Amino acid sequence: MQDVKEFRPTIVAFCCNWCSYAGADLAGSSRLGYPADVKIIRVPCSCRVNPLFILRAFQRGADGVIMAGCHPGDCHYTSGNYFARRRMTLLFSMLDYLGIERERTRVEWISAAEGAKFAKTMNEFVATVTALGENKRLEDLRCKK
Amino acid sequence: MKFSYYPGCTLKTKAKDLDAYMRASAEALGVELAELPEWQCCGAVYPMAKDEIATKLSAVRALMSARDLGTDLVTLCSACHNVIKQVNHDMKTDADIALRANNYIGAETPYMGETAVLHFLEVLRDRVGFDTLKAKVKNPLTGRKIGAYYGCLLLRPSKIMAMDDPENPTIIEDFIRAIGAEPVIYGMRNECCGGYVTLENKGEAERRSNIVLESAKAKGADTVVTACPLCLYNLKKNGGCDDVSVVYFTELLAEALGVK
Amino acid sequence: MQRIGVFVCHCGTNIAATVDVKAVVEALSHEPGVVFATDYQYMCSESGQTLMREAIREHKLGGVVVCSCSPRMHEATFRKAAAKEGLNPYMVEIANIREQVSWIHKDIKEGTEKAIILGRAAIAKVHLNQPLQAGESPVTKRALVIGGGIAGIQTALDIAEAGFEVDIVEKEPTIGGKMAQIDKTFPTLDCAACILTPKMVDVAQHEKIKIFSYSEIESVKGFVGNFRVAIRRKARYVDEDKCTGCGICTEKCPQKKVPNEFNMGFDTRRAVYIPFAQAVPKVATIDANYCTMLKTGKCGVCAKFCGVGAIDYKQQDQIVEREYGAIVAATGFNPLKPTQYDELGYATCADVVTSLELERLMNAAGPTAGTLLRPSDKKHPHTIVFVQCVGSRCDAENEKGKPYCSKICCMYTAKHAMLIRDKYPDTEVYVFYIDVRTPGKNFDEFYRRAVEQYGVHYIKGQVGKVVEENGTLKVQASDLLSGEQLHIDADLVVLATAVEPDKSARGIATMLTASMDTNDFFTEAHAKLRPVESPTAGIFLSGVCQGPKDIPETVSQASAAAAKVIGLLAKDKLTCNPCVAQSDELLCNGCSSCERVCPYGAITYSDKEFRGPNRTTLIRRVASVNPAVCQGCGACTVACPSGAMDLKGFSNRQIMAEVDAICKM
Amino acid sequence: MQEMMVKRAVELLENGTVDRVLGWTTGEFAYDMTPAVFRSADDLKNGFVYNDFCAANLSKYLIKECVAGGKILVFLKPCDTYSFNQLIAEHRIKREMIYVIGIACEGKADIDKLKDMGIDGITGITAKDGVYTVATIYGDATVKATDAMAERCLSCKSKKHMAYDELIGEDGDVVADCGRFDMVEKLEAMTPDERYEFWRGELSRCIRCNACRNVCPACSCEKCIFDNPGSGVSQKAAVNSFEENMFHIIRAFHVAGRCTDCGECTRVCPQNIPLHLLNRKFIKDINAFWGEYQAGENPDAKPPLGRYEKGDREPGEFGGVQA
Amino acid sequence: MSHNKNAAAVEEVLRSSGVDVRKCMRCGKCTATCPAFDEMEYHPHQFVYMVEKGQIDKLAASDSIYRCLSCFACMERCPRQVEPAKLIEAVRLHVIRAKGANHLKPEQIPAMLDEDLPQQAIASAFRKYSK
């Protein structure tokens, strides 16, 4: 029998500086754990997240991408997350339309006070993506090890 | 101008005159009213409960039949109007009620609130126009001081009836002006006459009616007009105010148009 | 390639306990460009910073990566330290290996691996970092206050006292606002005019304050420190400089039947008028809707009598352009007109009035000279019913009313009730309330006095119907505590109507790009920590335009807004956040996609010349970002299809480099 | 029709209203009508062609013409006027520099369909009463127009011009029930695996010739990010399935809310990839998520990605969209 | 205060009325406006509060449920869209839907008639009081 290595997904999390990144900090200082598979990239606002970045992550081997921002109405820049929400709505719908597993992408609104929600969301998301297995449909084999 | 017409139980029996006056007036105004080929009593009171379906069906059938005829549905009695308009609103906005009512009826095309429901007063205001009406008046009721009695059903709930300001309405006053009389505005014109409990609790119906009529009288009304046969009955029978006569608005309309 | 130094912090044992810091140093030291890597107990400590500065100097570092706690914690610390060594602070990046690694991952192997990956991402980013210079913009040392009520007056006075110029733009012919109409103020019962009018005079006489009365904001351009505002001075057909306010015209004008809005329409004024005796500026205004001369060209009485020739029937609206460093919105409120609540009889009964109308009926300078007479028959009312919360505290779906508590009604009603009982002890006063809300210094004591000393009947319940019969108002109401339905024969009914933001506020907010809530109150930058600032830089909030408040609160907020304005105007230059968007003009299509999503109006377009093929010159529409206005959210960068718009410090390339570093296994 | 157009164009040229005319001329083959600029009456009389092969949407060519200056006469079919308005909205062309003659259109012939019917040696086409008469070197062939019409014309959304200075022929109406989303709905009804297979089958044929991008009136960037080495995502040719997907996803995203559904991308694709199905998916989504929106209908309308509502749906909420 | 045995009845009344009793701010405007106040033991605002407290039994046993005039005034004037009349109707239905619990029986009608009485009065009484 072949020795199957346990699958550990690669997850990229784009977090806005003002709410979700602070929420991640709170999860940290509250010692609320989530799998090390999640790696956070700090952006000023969820509206800074370009669909290109998400596709890029999949290309380079991510198995799941999550974007987290301030709750609608609480954006530090007043309206950024509203625009981000529309953009991601379309992008996710298109990925689904192309037959790419819709569970691999997610948007969550997490405030600076929601450390617990941050940890819970990441735990859930890692579990979901782990269950899906490796990203095959948006992979770029050149980028795989 | 062609409409489907839903007369309702009372206008076919005890309040035949009201119906006849309207038909005569409508003809004089060039409004064609075709009575629905088949209709059932609306139940005279709107079943407010969300889980009341069977009691709403007669209204749905009338609405559906007007839709199939491709016409708006006109009512004359305030109670019928209230029941049918509210049920129509349910069919339009409450998917659960619409689904269950349609399942009940089993029509080919489900009814989803497509029909516009109009009280004959709305036809006069919005379709004929009070100015046109005024021009067609042959016997203006000059010198008459008339109080409009709206009661409860004509205006409320205002969001659904969408007929006029529920607290400071003008539609009947404008009608009164159009037929050449002077409207009398009094405080109790949109308060209930207690008609619904006339069987159960005659005493209360009497008290409420008197409050309404006294209020109109205090402001100098010689006549009070209603748009509902039950109000008419109640104010007349239980009100017992001899100085103020109570009439249905179509009677005055027919009189003014010279078709009474 | 950047020469990069990596510094891994132990944070005592906070990091070192679950991350093998030596292994991280070892792994990162082999990353491209890394010329120095070390670890230290506490990087943020003085000696840790010294360590970093020495390394920058010794190894000629062009970029620094600190693997430590959250950048929200110490990014500024490390950037400052680097700057002291002459390294551009924006060449420093933080890898967060505490909050995101050591504190949440128990397994040392896992933690160390992730710390290395985060370190790599930071290194990859630093390779693409550019030195950034925080820009500066000058500050116009003048403030604009929109609205001349007590809020605007107080803000203007405080700013002017600090030595800065202030303009007040007021749409009415006089400043003073609602407070000028009020009789007495709670909880001290001072006469409103006695405390307001001296302030109005101060404003008029202050050399730093300029009043644009009977004027409106036409347009606002620019940004914090550099606003350009067009003000429409509406034609008042009177030369403000010539008019002495003698009032002869207002006595001679033959048009006497103009409803007097200052007295809530209870009496009349002339077509040429001065709203009230203490008006500032004390200048007459001709009401074009009523002036016979302006309407028919025949009359001219006022001009005939004016001794100084101030009347000018040919006057036109004038647009004045002024520059400001800061703008304060003090647009105030109006009481809701309760015509929709005719169960309470307002539209049909003359003796049902609003509280502000009652103020005029009780004011010594009002239509009844201070004697409380009811409007219908000018008789003393002996039974008065007050109704609270008319149009306030309604369900969000209720189209007639407002969802908020108007905050001031409980107190002014207690004031009215008390004053009436004091002056006319034979009057019975009933107040129908839902809750009596009196949070404020000496407020509850005041209300208790109304009940205990003055015998005002407070009844928990509401009025359901008011009907006028033979001169009496028949009031039907509930008394919830006794479980009764009450029938009171009243002479006067007073409705405490909801406060609603002035209708002009919405348009002004749009011009200011200041956000508003669904009720048309201005939104503050932070509900708790920045309550007098709008999220838009340079726009400040004063008074009820931000939310219902009473006079003491309004005045404190007005002064707070002034303090913020003074803080801004005191600066000669504003330092801007350098992490702002910039447009690559060669790539820009000029399509306006970015402009549409910019919450700050930081993007403008201009036609620029470019070199075309064959030595031709092309003119293209291109976007440029004003770095003083841009706050760096990045919304524009994604809206831009051509990639012309990018964000400094968080560029497309930088973020993608981080993505690549994280995903590469 | 062609005579009327030429006559009017000559008039406008001669009375100085315009100084050149953007229209069509015959390309390499008689069925290959290409956009062309005419500067004189002679040019027009000799070269101008308008027939049922003139499918190209001329609006994009106005970008270049506007940069060159002068006043341009352009002939626009109803669907082209949407692109025209969109370009106006995006300040890519200047309304005052353009004189638009709207021309009625009953749908253009699809050369591939004709060839599939075995019609070769084509020299011309005329349409009357729903029948194409195709002139060939072997004689005339007649076919039912709807059998040989381009797919995009069969599901034409509008025969009404959104902008024009004058019309030749009658203006039509917006087609309420054009069925242009039928195929999108069909795809939505498939399982994700089926959809994946479908799109792999289509997109794997992409040769990255960039024809779709070059013809697209919305893809009018000064420099496309895929051509710009500075963008970090440039690619000359798609190396693998990811890059094929990436190019088309990003292209669809960049034109989302801006694409007027003119269908040029699919028309010009040498590999016959139904690229319009990507754009139509976004159009359908936008309508379903944020209210009906037709790019190019009104140049003053706020585009869907340039506005928002507080209660907008959340990303990943697919309810109600899938069949 | 707890009325677990009533939980099902409360749930039924809330569901069939569609009323959210928690919206009530206890202002009493419904009771202030009610024309049938003098006839009722429990008044509109009490229906709202007592349903919330689970006291359906008391309401069901009271004649108040037959005294409502269905005039919609309380619904129209409630500042918080609570719609007390719908609750009263729901409690009444809760009672008369039980077998044999009709409040009005056909045999009672003849004694109540007079010659002018409109049919509407009888129809509405049956609709309201009987199943």
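A, B, C, D and E are the chain letters, set down in written order, and residue numbers restart from 1 in every chain.
The rule we apply is simple: contacts are C-beta pairs under 8 Å (C-beta built on N, C-alpha and C of every residue); 3 or more make two chains touch, one makes a residue touch a chain.
Every value quoted in this text rests on a predicted model; they were computed, and no experiment measured them.
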Remaining touching clusters (ignoring subunit A, no chains moved): one piece
Separation of subunit A from subunit E, taking each centre as the mean of its C-alpha atoms, in whole Å: 53
CA centroid of subunit D to CA centroid of subunit E, Å: 64
Between subunit C and subunit B, distance of the C-alpha-averaged centres to the nearest whole Å: 50
Rounded Å distance, subunit A centre to subunit D centre (Cα mean): 36
Residues of subunit A touching at least two other chains: 51-52, 56, 79, 83, 87
Set of subunit B residues in contact with two or more other chains: 191
Residues of subunit C touching at least two other chains: 343, 465, 597, 639, 652, 656
Every chain pair in contact, whichever chains are involved: A-C, A-D, B-C, B-E, C-D, C-E
Interfacial residue positions of subunit E with respect to subunit B in the complex: 15-18, 35-36, 39, 66-67, 69-73, 75-76, 85-86, 89-90, 93, 104, 109, 112, 114, 116-125, 127-129
Interfacial residue positions of subunit B with respect to subunit E in the complex: 8-10, 13-15, 41, 43-52, 55, 77, 79, 151-153, 155-158, 166, 191-192, 194-201, 204, 208, 229-230, 232-233, 236-237
Complex contacts: residues of subunit C adjacent to subunit E: 343, 389, 393-395, 397-398, 401, 434, 460-465, 476-480, 483, 485
Touch list for subunit E against partner subunit C, complex: 23, 25-34, 37-38, 43, 45, 73, 77, 79-81
Residues on subunit D engaged by subunit C in the complex (per definition of touch): 67, 89-92, 220-225, 228, 230-233, 254-255, 302-303, 305-307
